[in-house]
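Paired with subunit B in one complex and with subunit C in the other, subunit A is shared by the two complexes that follow.
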Partner chain A sequence: MDQIWSMLSDPNMQWIFLGCTLLGLSSGVIGCFSYLRKQSLMGDTLAHAALPGICIAFMLTGVKSIGLFLIGAGAAGLIATFGIGYITRHSRLKQDAAMGIVLSGFFGLGIVLLTLIQHGDYGNQSGLDKFLFGQAASMIGSDVLTMSIVCALLITACTLLFKQFKIISFDPGFARGIGYPVAFLEQLLMLLIVVAVVAGIQAVGVVLVAALLITPAVSARYWTDRLGLMVVLSGLFGAASGAVGTWISASVSNLPTGPVTVLAATLLFGVSVLFGPKRGLVAKRLMRRKVKQRFNRESDPLAQSHVKKKEAAL
Partner chain B sequence: MNSIQTQTEAERPAASPAPLTVQGLSVAYQKKPVLRNVSFEAREGELIGVIGPNGAGKSTLMKAALGLIPSLGGEVKVYGKPYKQQRKLIGYVPQRESVDWDFPTNALDVVLMGRYGHLGWFRRPGAKEKAIAMEALGKVGMADFAGRQISQLSGGQQQRVFLARALAQDARLYFMDEPFAGVDAATEKAIITLLQELKLQGKTVIVVHHDLATVQDYFDSVLLLNVELQAYGPTEQTFTQQNLQRTYGGRLAFLDRSLPSQPPGGGGGE
Partner chain C sequence: MSEFWILLTGALVASCCGILGVFLVLRKMAMIGDAISHSVMPGIVIAFLLSGSRDSLLMMFAALIFGLVTTFLIQMFQQSGIQSDASIGVVFTALFAVGVVLVSLYARQVHLDQDAILYGEIAYVHWNIWELGGINMGPKAVWLLGFTLLVIAAAIGLFYKQFKLCAFDPALAAAIGIPVALFHYLLMGLVSMATVSSFESVGAILVVGLLIIPASTAYLLTDRLGVMIGLSVGAGIASTVIGYYAAALLDASIAGCMVCAAGALFALALLFSPSQGIVMKKLRLRRLAS
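Moving on, here comes the complex of A and B:
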């Protein structure tokens, strides 16, 4: 316990702690909708697509700034989604295959550009490779400020447009029928996911950031049958993962924050799968046993009388 | 067929435009035409069945009329105006399989979605909307299931929730895409009662239907479709063996004895 307090008294640590918690919160909230729209892998694709976007933004300007990277990654993410849309519309490929192609293509390009930057003479390129696996420790006050703005933006958008996001996730055809601009809303949701992904890349890295979108949402689904509660729970799970991840990586030397955060989220998922009410494995097992017992009890007298009849016949 | 169209054109009173006028509607997926030059006009207060073989474009006709999918050409008017201006007058029941019923929501919540079109962009449904939604659930006999998670409902109950959502839309023209598909007898009866009630209220309902045996009992008019419009008009005169033969071609397994007797032939030579 003392360790937590001593950790939180370090101002540097406070920023990282706050940043990771906010990141988990906002990713968890927005991730619910991408999970329910069966686009869990979209986050992963957007994250991988962000890498070349970030590299190009850096190559063009020579400046390392989250704001610029956001624009680069956003543009790359947009091109990636259009690419996926184009491939699925104009070929026989399904969306998963299209995503696989776009994801690896963009990521390959990103790695090539990253290597070019590393061997180039920008002077300040060191640290760009940290985007691969993330480095929460490099977060500073201004980054956390950006993170807070992003988090507030995402949560406000999801609160105001909750009704819209719910209906385009459940029944987009009906939403179009009542006059909602479904294509616009879908693009907006995609944009919010891009924003969440890019905000998370610094801390968690391109490779793992999608986990923060998917895992808390899937875990939350095990605890509730109501979308509103699911979104809140998912946000809390994400925030808790971020907090725990920062805490463990600070107490155990040299453990990277991002991967530990993802592991914490995965652990929460494991707990949810086991102990979620109704949907959890334990609850299902108990339910089965109860049904079986009741069935046995009810059919028992029947069976006994059957046996007695047999004995009498003998 | 043409004579029926011109007849309806002439019958239309100039003052009140028809609930739905479709003029030369064509739709293609990729290169394949799914709907070719379909024109018809729905009469107010009728239950209209849309009949045709698989792949005849029945659902497509409905979706194109609702503007859910782009059309190659043609014009759709709802009460005399483009459908975009008349969305509040239209209710829609999509196919049950078109959504994932494991979605985290309950029956009442789905019905409430029918009110979204009447609500402002940022307003949440309130007590008034909930009352309307509960009333709609009651009409389809689902009031006791309002709080039930939708995956815990049977197929027929899910279909009734979709109908209740359309009722909550409080529309004048309804489109229903195969509401009778795979439902139990109780639901079939509930749907039919509901259709009759809507008709009594003067509403117009267009239903994509599969079961030829019930067409004569359920619908006032029937629209036979196979990419092109084959026949359209009052069920008695239109639902004939000859027209069915033409619509279904050789694929028609259903040759009911109760059909209006007409000498077979015409389209039978395929």
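Moving on, here comes the complex of A and C:
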């Protein structure tokens, strides 16, 4: 425990801690919109698809910089989105199969490239496999800075375009009717999801970064029916899980950040499922009991009078 | 000889996955297959920690339980009002995270390599030999996969009509008294079995590629279920063989190359399938116009 506290006084660690919290916050905020637009698994697909992008960026430049990886992964993510759209539009395969194909195909390609890099003579390649499960502690100052700036930009974009995103999440037809550029906004939202996923890769890893988009949003949905509040709550849940994940993984050796962050988010999800007002399991159970009691109370005299009538008839 | 065993293992994996993948694609549950292949991970690790060996029936059993738990949890959250894809996302990331944490915590003490679980080690298959009374019976993985394939073929063969009806028209199936939920869980159980017996060869993440991609390729080529299963298995085996030689040529991951080969075959089917292919449709239109 002392070790964990002393870690927080390390300035480098403070930066990483801050970066991951910010990352959780921004993914939680974006995740709300992708959840409401029924695109939760899109984040997962984009994250897996980012792996070959990262590998190609590294093979071309030979540098491990988060900025370059952002570009590579972003390009791969856009190709993946396009691929999914193309398959669903031009064949009879449904979206889930298209996502599965693109996800595993790109990931397979990524693994091939990763092994090529490992077997080839690229200097300075160690640690590239950290991208699979994330290792926040391995980030250096400039990485944290890039990540923080990206996350801040994401949050700003969501705040500025809140009204527009709200309307295309709930009623795209109406948005088109009142003259919003719906196609553009949808593409923009997709781009923001790609950026959020890519920004999280170094901290949380390719395989699990999607959970940062999905789980906080679903948890927040249990507490409220208002989008504004949901976005805030989801951001807070995401930030808390990012912080806890970094904190625990940095203090236990050889423990990747991604899974710990996801487990923290899942814990919050479990609490929400149980104790969410109205939707939570406990609230539902209480409500059911109350209704039952009321029903018994109200139907009791009725039943008695029914019995009496029967007796009178006999 | 090693080449033969590797190719045989790959062909068995492709057959197991190819048969089941057809039903996943037809029932629009491709992503549930993905979820199961991720979430059997803690089952594999827990069984490994308990038994200390890599090829036990316990592992199969644990993975089966986790596969069914995944299916059940997804169903439960869906019924409590969460969108289906979000509930898939929440469940499998959580279970997979548990698995990775367990591996990272205990990997030092036991011989369980994180990379082996994720990408498989099909190249070492022929070193893990099963000996019975001093007689060399061939690689253990081949026996395990053969057994799994037998179970899958038996289950699908016995209940072919029921599975077919559930795949195309679950409402009708329920109306004429087929226990649709039972067959749903049976299918999911088979998928988890296939995943766990393949994980050693191709890894937990890439199983999903062999589940979905060959089946989708077959879906583009035919309209008949029986033919589709055959084509799916064929496409799977072809991608195994192509992938193996490509990997030998490039000196890269065999499992990765197998999935890439499957992806390439799918792209070919998408473009040139006689009935559905994009290029073929264009050609037909042009011929009609002229």
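The definition used in the following text is that the second predicted complex is superposed on the first by the 294 of 314 C-alpha atoms of A that agree within 3 Å, B and C clash if a C-alpha of one lies under 4 Å from a C-alpha of the other, contacts with A are read in each partner's own complex, and residues count from 1 in each chain.
As a convention for this text, a residue touches a chain if its C-beta (ideal position, glycine included) is under 8 Å from a C-beta of that chain, and two chains touch if they have at least 3 such contacts.
In this text the structure is predicted, and so the values were computed from the model without any measurement.
S.K.: Please determine whether it is subunit B or subunit C that touches the greater number of subunit A residues.
M.R.: If we count touched residues of subunit A for both partners, the winner is C.
S.K.: Could you look at A:Asp10 and tell me whether it touches subunit B, subunit C, both or neither (first, second, both, neither)?
M.R.: In the superposition, A:Asp10 contacts neither subunit B nor subunit C.
S.K.: Return first, second, both or neither, reflecting whether A:Ile178 touches subunit B, subunit C, both chains, or no partner chain.
M.R.: After superposing on A, A:Ile178 lies in contact with subunit B but is clear of subunit C.
S.K.: Quick one: is A:Leu41 in contact with subunit B, with subunit C, with both, or with neither? Answer first, second, both or neither.
M.R.: Once the two structures are laid over each other on A, A:Leu41 reaches subunit C alone.
S.K.: Is A:Arg221 touching the first partner subunit B, the second partner subunit C, both, or neither of them?
M.R.: Both partners.
S.K.: Contact-wise, after the overlay, does A:Leu160 reach subunit B, subunit C, both or neither (first, second, both, neither)?
M.R.: The first partner, subunit B, only.
S.K.: Which parts of subunit A are in contact with subunit B and also with subunit C?
M.R.: Comparing the two interfaces on subunit A, one with subunit B and one with subunit C, the shared residues are 38, 221.
S.K.: Where on subunit A is subunit B touching in the complex?
M.R.: 36, 38, 160-164, 166-167, 169-171, 173-180, 221, 224-227, 230
S.K.: Under the touch definition given earlier, write down the residues of subunit B that touch subunit A in their complex.
M.R.: Interface residues on the subunit B side: 63, 66-68, 84, 87, 90, 92, 94, 98-100, 103-106, 109-110, 113, 116-117, 119, 121-122, 124-125, 149, 165, 169.
S.K.: With touch defined as at the start, can you tell me which subunit C residues reach subunit A in the complex?
M.R.: 25, 28-31, 33-34, 38, 77, 80-83, 85-90, 93-94, 96-98, 100-101, 104-105, 107-108, 115, 118-119, 205-206, 208-209, 211-213, 216, 219-220, 247, 250-253, 255-260, 262-263, 266, 270, 276, 278
S.K.: Given the complex with subunit C, which residues does subunit A contribute to the contact?
M.R.: 35, 38-41, 43-44, 87, 90-94, 96-97, 99-101, 103-105, 107-116, 119, 129, 132-133, 207-208, 210-211, 214-215, 217-218, 221, 252, 254-256, 258-260, 262-263, 266, 269, 273, 279, 281
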